[in-house]
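Look for chain A in each of the two complexes below; its partner is chain B in the first and chain C in the second.
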Partner chain A sequence: MSKIQVNGNEQILETDSVSVLELIKLNKVLNADMVSVQLNGEFVDREVYSSTVLKDNDEIDFLYFMGGGAN
Partner chain B sequence: MDFTEDQIQRYSRHIILQDVGVEGQERINKGKVLIVGAGGLGAPVALYLAAAGVGTIGIIDGDVVDLSNLQRQVIHFTPDVNKAKVLSAKEKINQLNPDVKVITYYDLLTASNALDIIKDYDFVVDGTDNFPVKFLINDACVQAGKPFSHGGILRFEGQTITVLPGTACYRCVFHAPPPPNAVPTCSQAGVLGAIAGMLGTIQAAEVLKYLTGVGDLLTNRLLTFNAKTMDFRTIKVKHNHRCAVCGDHPTITELVDYEQATCEIKTHGEGVPHKALIQK
Partner chain C sequence: MLHVPQQIINDLFDHAKTGLPEEVCGYLAGVGREVTRQYRLTNVDHSNEHFSFDPKEQFHVVREVRKDGLEILANYHSHPETPARPSQEDIRLAFDPNISYVIVSLADKLPDVKSFRIKNGEVDKEEIQVI
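Up next is the complex of A and B:
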């Protein structure tokens, strides 16, 4: 079990070795392409989402693409 | 610059503001700002900058006013339906503040005209609604060393970041446009009208802070908010050394119309941008 911060809110991971990709799914992000992910202040490359495993006290930010503005 | 009596009265609430004063107001009146997109974000940005007395406001937009725009694009009125948005916006600005010189471009911002248009301005505001143009604005401004404000809205949410030469750019954070249809647009998913005003006025405040030199700009921080909870958050972001446009080894050294570059590599360089892809 580990305690992490997701977008500033605490989340408890019940199982070990949760990857960034799994966390994206756990947080019901519809499509991994909708977000850019920061782990402890560093951007995570899409290619390593599934191999990057979260540990206790990690801080994760999902930065959502927002394209609206004109129309 | 010597202010007339009328101008002193018009700008009095700025002039008495300790951090702005006569000097700050003069800087605003000498400022030249380009607004890309005269829509949901561009409308409040243009109105507040005009009211503040920004000396030159450039507006680029290739669209005409549609009835469905009026729910949030507050610079356009019902009789403006079918009128070019740049013309409708210019008319309102002229009525609001005759001090402002308005330059209109009834056109889309493309890889071939971007650098030529932005070179005349001190600051660029992204009020567009699609990723290829957002990345184009970023890349053009980074290459030209122009400060700009990125803005995006969707449903009940908004985000914005201010980018100065050397600070984290939009591409540092978001790398590349998402695959087509991965992220819904406002026309597909909707947007609460007032969200455009909330985000646009934040962008306008950033412009005025930049012109007057007051305060700390929203650099290296992405501001996001969700109006359902009214939670505002700023997330620290860092300049990304692997960024394709401002990193240590940039791979983007000339502008391309992004979707065209990825979908139609063969035609790159032949000039005519794919309007259907860049069009809103």
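Up next is the complex of A and C:
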């Protein structure tokens, strides 16, 4: 079991070896392909979401791409 | 309904005007449905027809918002030459269903601002109450 911060909120992971990809699924993030992830203040490449395992006291943030246009 | 102080409305218009000819963008943060603070962000597209937040700055600002005890209520951007309504691109790129999308228009003599909720391509106009 580990305790992490997700977007500033405490979250308990009941199992060890939870990856970034699994955490995104656990949190039911809509439009998950359009979020950027920072783990402890560093960007995580999408290619390593499944191999990046969270550990106790990690701080992870998901943010949606923000953009648009006039037309 | 989004409650926005007159001063922040003025600041939105000021940001849009000083950013011309480019679109400008940023976040509005507050508590509940009341906006208490505006955060200007960089439009990395540097275009009069498009905007994108700088992801690094975006994460930094979101942490600042959190530190201030606030939450993100809306993103905003300007339309220098078109009305204050979501374009097809705005709708297509509105991925966060939990926030409001505020658009400032400088298309007419007087600036205009409107707020929308956008989810799964569906747009709902949201009243702005100036406080």
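One rule holds in what follows: the second predicted complex is superposed on the first by the 66 of 71 C-alpha atoms of A that agree within 3 Å, B and C clash if a C-alpha of one lies under 4 Å from a C-alpha of the other, contacts with A are read in each partner's own complex, and residues count from 1 in each chain.
Please note the rule applied: contacts are C-beta pairs under 8 Å (C-beta built on N, C-alpha and C of every residue); 3 or more make two chains touch, one makes a residue touch a chain.
None of the values given here were measured: they were computed from a predicted structure.
In the superposition on chain A, A:T15 contacts neither chain B nor chain C.
In the superposition on chain A, A:S51 contacts neither chain B nor chain C.
By the touch criterion defined above, A:D61 lies against chain B and chain C together after alignment on the C-alpha atoms of chain A.
Look at A:M34: by the touch rule set out above, it reaches both chain B and chain C. Looking at chain A, you'll find residues 8, 31, 34, 36, 38, 41, 43, 61, 63-71 touch chain B in one structure and chain C in the other.
On the side of chain B, the complex with chain A involves touching residues 37-42, 61, 63, 69, 126-131, 134, 151-154, 157-159, 172-175, 178-179, 182-183, 185-187, 191, 196, 222, 224, 233, 235-238, 240, 280. Across the interface of their complex, chain C is touched by residues 8, 30-31, 34-36, 38, 41, 43, 61, 63-71 of chain A.
Residues 23, 25, 45, 47-53, 55-56, 58-59, 62-63, 66, 75, 77, 79-82, 86-90, 93-97, 101 of chain C are the ones that touch chain A when the two sit in their complex.
Within the complex formed with chain B, the residues of chain A that make contact are 7-8, 31, 33-34, 36, 38, 41-43, 61, 63-71.
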